[in-house]
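The following pair of complexes shares a single chain, chain A, combined with chain B in the former and chain C in the latter.
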Partner chain A sequence: MSSVQSLAPVRPNFLKLLLGSPIIGPVAALLIASIFFAVMSPRFLSGPNFSLILQQVMVVGVLAIGQTLIIITTGIDLSNGMVMALSGVLIASFAAQKGLNPFLAILIGLLVAMAFGLLNGGLVTGIGLPAFIVTLGTMNIAYALTRIYTTSTITNLPKELTFLGDTFNLGGTAIANGTILMLFLYAITWFVMKYTPAGRSVYAVGDNVEAARLAGINTKRVLLGVYTFAGLAYGIAALLQVARTGVGDPQAGQTSNLDSITAVVLGGTSLFGGRGSIVGTLIGALIVGVFRNGLQLLGVESTYQVLITGILVIAAVSVDQLTHRK
Partner chain B sequence: MNFKRAAVLGLALALPLITACSSGTAAPSASTSGSGSASAEIVVGLITKTETNPFFVKMKEGAQAKATELGAKLLTGAGAKDGDNEGQVTAMENMINAGAKGILITPSDTKAIVPSIQKARAAGVVVIALDTATDPQDASDALFATDNFAAGTLIGQWAAKAMAGKTPVIATLDLAPGITVGAQRHNGFLQGMGLASGIAATSTDLATSKEVVCAQDTHGDQTEGQTAMENCLSKNADINLVYTINEPAAFGAYTALKNAGKEKNVTIVSVDGGCQGVQGVVDGKIAATSQQYPLKMASMGVEAIVKYAKDGTKPSGYTDTGVTLITDKAQAGVDSKDSTFGTANCWGNK
Partner chain C sequence: MGGAMTTPNQGRVLLEMKGIGKTFPGVKALEGVNLTVREGQVHALLGENGAGKSTLIKILSGAYTRDEGEILFDGKPADIKAPADAEELGISTIYQEFNLTPNMTIAENIFLGHLPTKAGRVDWAKVKQRSRELLDSLDVSLSVDTLTGSLSVAKQQMVEIAKALNRNTRILVMDEPSAVLGERDIENLFSVVRRLQASGIGIVYISHRLKEIFELADEVTVLKDGRYVDTKPVAGVTMDELVKLMIGRDLEDVYPKRRGEAGEVVLEVSHLAQTHLARDVSFQLRAGEIIGFAGITGSGRTEVARVIFGADRATAGEMTLHGLPYRPRSPRDAINHGVALVSEDRKREGLLLKLQVYFNTTVSGLDRLTSFGVIRLKDEMTLVRKWIKALRIKTPSPEFMVVNMSGGNQQKVVLARWLSLGIKVFILDEPTRGIDVGSKSEIYQIMADLAEQGVAIIMISSELPEVLGMSDRVMVMREGKMVKELSRAEASEEAVMLYAVGHEEAVS
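After this line comes the complex of A and B, so read on.
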């Protein structure tokens, strides 16, 4: 990758643009996997099945939006699943058991999730603790708070809460409302990250926090913003989780932290920070979703799904390392 | 440079896909030619709590054998662990999408799974609960399960006779709060012992009596069973009768008793009738256990769904799949079979 060449003005060749894009790897992987499963199982290649995959991916997908931003800043968030569970339980409980207006209940859930995000960010910037340690702690705190609040699932939810799990008809295929919300969130985040100074400052902080600070970026404010925004994403994921399953489940989200990291990694974002693609994360989440769905259609035991996900993660990170040696 | 990246990732992807291929042919329920000529094939789904618990492995075997016999196709799925509702919801959606006419499920969370079951039934899919009832029970079309209250009653009645003349000092090693299976076995045991009466069979509250000096939760786990027994012995060293929710908990209790030098003076009773548990009866570790039949639950379930697919008869209500008391120290007035029968009919690895 010669820097001298890139200084000369060149008409962008579309093919070069595509191949040069950081997400070519994940896109190729998704295509190969999809073709494989389509060949092995006729039911794979159908509108209803694709809609199902999107639905099954939407909760982790939204969690992964927050995780992507945090990882770009060289942090990591282990608490997202537990914060989501707490938020979900609060939303369900306030709306179904305490008779609050459902939208007020949702607002409370979002605020609690954002509060945790702010707590994570505050500890990382204020005390300078590594994000891994901070979120390990808040993960356990959120886990315990959820179970102190309730240990049983909350049912009989008002229809406002299950709206995002309901479907509408598009050309004969049922599409869940929540998947539209997920795609919308990805689009907004992608735009902000690529085209706004706020977005670019996130990359700058992740690439070299000292250089960013010297360049005039308020690095503490950027990090606080990233973690709080991630908290908002976790609250939205909680609402999607509640809408999809129709219950407030204190047991939800126990593996979501690792699932969201898997999506981010498969999408080509480096755990060392400084670069990464939101769209890549969506592709990463879809890769996992496609594998799970495809393997289940083939009748393969879920233990093998876990095995294959593990192999995929190592493959993805290796490819990333091999092709980005500085 | 980036072309190279795509190519390397593609090659790296080949490995997991090859794994998928070979695991597809290894799993007995996989069809290697996609759904091929499956247009007339009836598809049945079985969703267990986990993939690895021998109880569920036996269920899958029973279901697969019946499905092969009736010419149906069996799809299987499970949660990642006991209590994983989301995993079971996902499996159910995928199976319905794959054309399943009916789904057999051992619900990990008996309340949380209900909305998903309602969605399935609204789509014309029959849902049968196996081993554990949904909450409420009529959320599923039918229930094929052990009468867990009867299972507890049998070991209670046996213990009452076996301990005749002695004052029972009882420890109960239970499952976890609010779960019907645990409560029913515990309450049945106390009722069979004659220490409690008139308990509603569907209650999830644990009954108690003055003879019960210690009650601890074990989540059906061997290590937790050992810790629970140790805690109970610290509380009261005179315990002479231990009720356990299942055989792993019983083995944990035995280890704790052995470490305290008390294993000869304490009677342990349990429920399950797994092959390892029956071996425990042979070895004198477990005095009596109520044996249940997961294979029957699954096989009857497959039969019911195939019948529904063929003539539209929906299964309904509760079907008792039977329970047998296994002990080598039979007591008069309590029906039981010996460990030889138990070994011949057990589930799990021998």
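After this line comes the complex of A and C, so read on.
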């Protein structure tokens, strides 16, 4: 289900629904990529590999939730990877080095990430600065603050912080707790976007801020809410990053902003705002994950993986532009 | 018509389009359309928005190719497949959006793409001389070296005409040329058209304004819903008959009959100001009343409307609503007080264009459709379908994107949004701009019904017939001030214009 597009009480058959849905493109791309890698590498279609993909995807997947909402409002967030790194380092440090209750440490990490979101949103709405410039600035601020705080990796984390990286067995495949959390966050966000006035407001503001204001929407509050919620998502992503790697890493998230934008764009959300789907982003994140994983299995160097991701994102935006040009 | 040997309706036939048809994916845009244009004739092309006028002239100018029918030029079959083919035959088209390059001079624009050369270099002397001659023939006294970007719309139009004449035009198609002009420029345009006509050029003239057609045209062809209706000599037809041909209904029916009984004062505005754009505006609005705000563009009407709707803050003055102080802080605040605004710019301010009909309809009233924070989608759809039906909104489904709808249907979606909220004060700013005659009369009927139900209505409009046809009282604004209130009996086009432009202007 994309955005809010399929609400008719009359349900045509499933195939028709799928073909008419904007996520048909991303789903097809995911299938084609999966078939390609399955043919090229026998290891691709195995349970352990699947579980690996899902674990690799969860951090970018959660970052991309925030990125999706921001892009729907015609914004963009370059700061998310750095905010995540700062938040992760603080969580790890407070819990492992300062002896704080791990849950209190997590709360601090989430609040710092939300504060960055609020700052981004405040500058975008209050002064009317372009999101690109604001988040370019806060990206560097978060990066510097992280480096000022520490340049070394924080280890010996309490088990509360690594719980989300632990796995359980589901039909022979090891599923990480964090993957479940990610799917849960997607489900909640999907529900809010589709079934609540708040979700509608996000689309309205993305389509046309002034028309939304004249329709009675408090557009500034919506934008502040979106950026702050995105900050919360980055904080949760930080927790997942810490849990998955088992360390607080000041070097984390270096390419996360582009990875999350790639996921959002591959998922069919328009960079021109007003149109997009959270489910599409999940599929977009999976496409990114499948590509990274598949290329690894084929022994492609990581630099070339980045190269291919770059090509992928430009191709996806071009398709969006060409199909929606009027 | 003038002293020529033959009247324009008997002149030699230049162009014949017969049985023209054009299909776009899913839409039959034209079917069986005929058009015959003679030398020295002004042939009006009439029809509502979406009747197929634009498609027809795009086929004539080579922008589209026809799927059916034949075109004869000078009695010989002409296969127009590209703009160059039309140009070759001597068919020029002046669209509403001009085709001028603003950073080039008048002369350069006139010769754009056709610059004459002498010994391999552009013959500028010839370019300038010929441009001068063309401008003189149109009574335009500008220097040919003026940049077109600095010209008024009326002068740019003249440059377009000069450009067409420079190409030995035999048929000139003009798409609503008067729509962008003021009264005086229209007079000038008419005299130019008559001169072109006298020189033997056949003119296809598209206009919504019936008055112009009677003033200017020799023959008129009416289209409706992509089909050919009839061709008549203008001398043998009345305005009412033309409207009937165009919309299939009588002119008197356009403005609904109203009882016009006003109730209690709902909104009182005193000494309201919004920066320098609106100053010292005072009036009362009663339940069940429609008051018209007349005045030229920029007279402050829209500014007053936006303050009442909370879109802008007042810089001075007071308002009361139902006797209580009213100072809306935001559009939301105004909506919660039962005040709504239909903005003059539907596409930029009224609609969320790339979202669906249902989304646009309920966006302002979702709180009523929400339980425990969740939108009741079924109730929402029921409500939306009800309004689609009530306002006869033409849409394949509630999920249709409004950007793909006609102007009239888009405006109905805006109306549905506010009507579903049970609004008490309704401000409509140019509610019928860019809307065809049929939808216009439907919108008038909706307004009349609302007034009947006790809604207080302010209608801002620059179309005088509409202001006079709909309003119980007319308030005239000029330069930010409310200059005159006219009762229905006092209000005539002349009286309103007199106050709208100021005495000195009106007398001259």
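Heads up, the rule we're going with is that the second predicted complex is superposed on the first by the 314 of 326 C-alpha atoms of A that agree within 3 Å, B and C clash if a C-alpha of one lies under 4 Å from a C-alpha of the other, contacts with A are read in each partner's own complex, and residues count from 1 in each chain.
By definition in this document, contacts are C-beta pairs under 8 Å (C-beta built on N, C-alpha and C of every residue); 3 or more make two chains touch, one makes a residue touch a chain.
If you're wondering where the values come from, they're calculated on a predicted model, not measured in any experiment.
J.: Quick check on the superposed pair: does A:Arg275 touch chain B, chain C, both, or neither? Answer first, second, both or neither.
T.: Second partner only.
J.: Look at A:Gly216 in the shared chain and tell me whether it touches chain B only, chain C only, both, or neither; answer first, second, both or neither.
T.: Only chain C; A:Gly216 stays clear of chain B.
J.: Have a look at where A:Thr151 lands relative to chain B and chain C in the superposition and call it first, second, both or neither.
T.: first
J.: Please indicate which partner A:Leu107 is in contact with in the superposed arrangement: first for chain B, second for chain C, both, or neither.
T.: neither
J.: Answer with first, second, both or neither: which of chain B and chain C does A:Tyr304 touch in the superposed model?
T.: first
J.: Is A:Pro42 in contact with chain B, with chain C, with both, or with neither (first, second, both, neither)?
T.: first
J.: Could you tell me which stretches of chain A are touched by chain B in one complex and by chain C in the other?
T.: Common interface on chain A, chain B vs chain C: nothing in common.
J.: Within the complex, which stretch of chain A touches chain B?
T.: Listed in rising order, the residues of chain A that touch chain B are 1, 19-21, 24-26, 28-29, 32-33, 36, 39-43, 48-49, 52, 55-56, 151-153, 155, 162, 241, 244-247, 249, 251-252, 254-255, 291-304, 306-308, 311-312, 315-316, 318-319, 322-323.
J.: Across the complex, what residues on chain A touch chain C?
T.: Per the stated touch rule, the residues are 4-9, 195-197, 200, 203-204, 207-208, 210-218, 274-275, 326.
J.: Name, in rising order, each residue of chain B that touches chain A in their complex.
T.: The contact residues of chain B facing chain A are 1-6, 8-10, 12-13, 15-17, 19-20, 23-24, 27, 29-31, 34-35, 51-52, 74-78, 80, 83-87, 89-91, 93-95, 97-99, 109, 111-112, 114-116, 177-178.
J.: Which residues of chain C touch chain A in their complex?
T.: Contacts found on chain C: 309, 311, 330-332, 335, 341, 343, 348-356, 358-359, 363-364, 366-367, 370, 373-375, 377-378, 380-381, 397-399, 403, 417.
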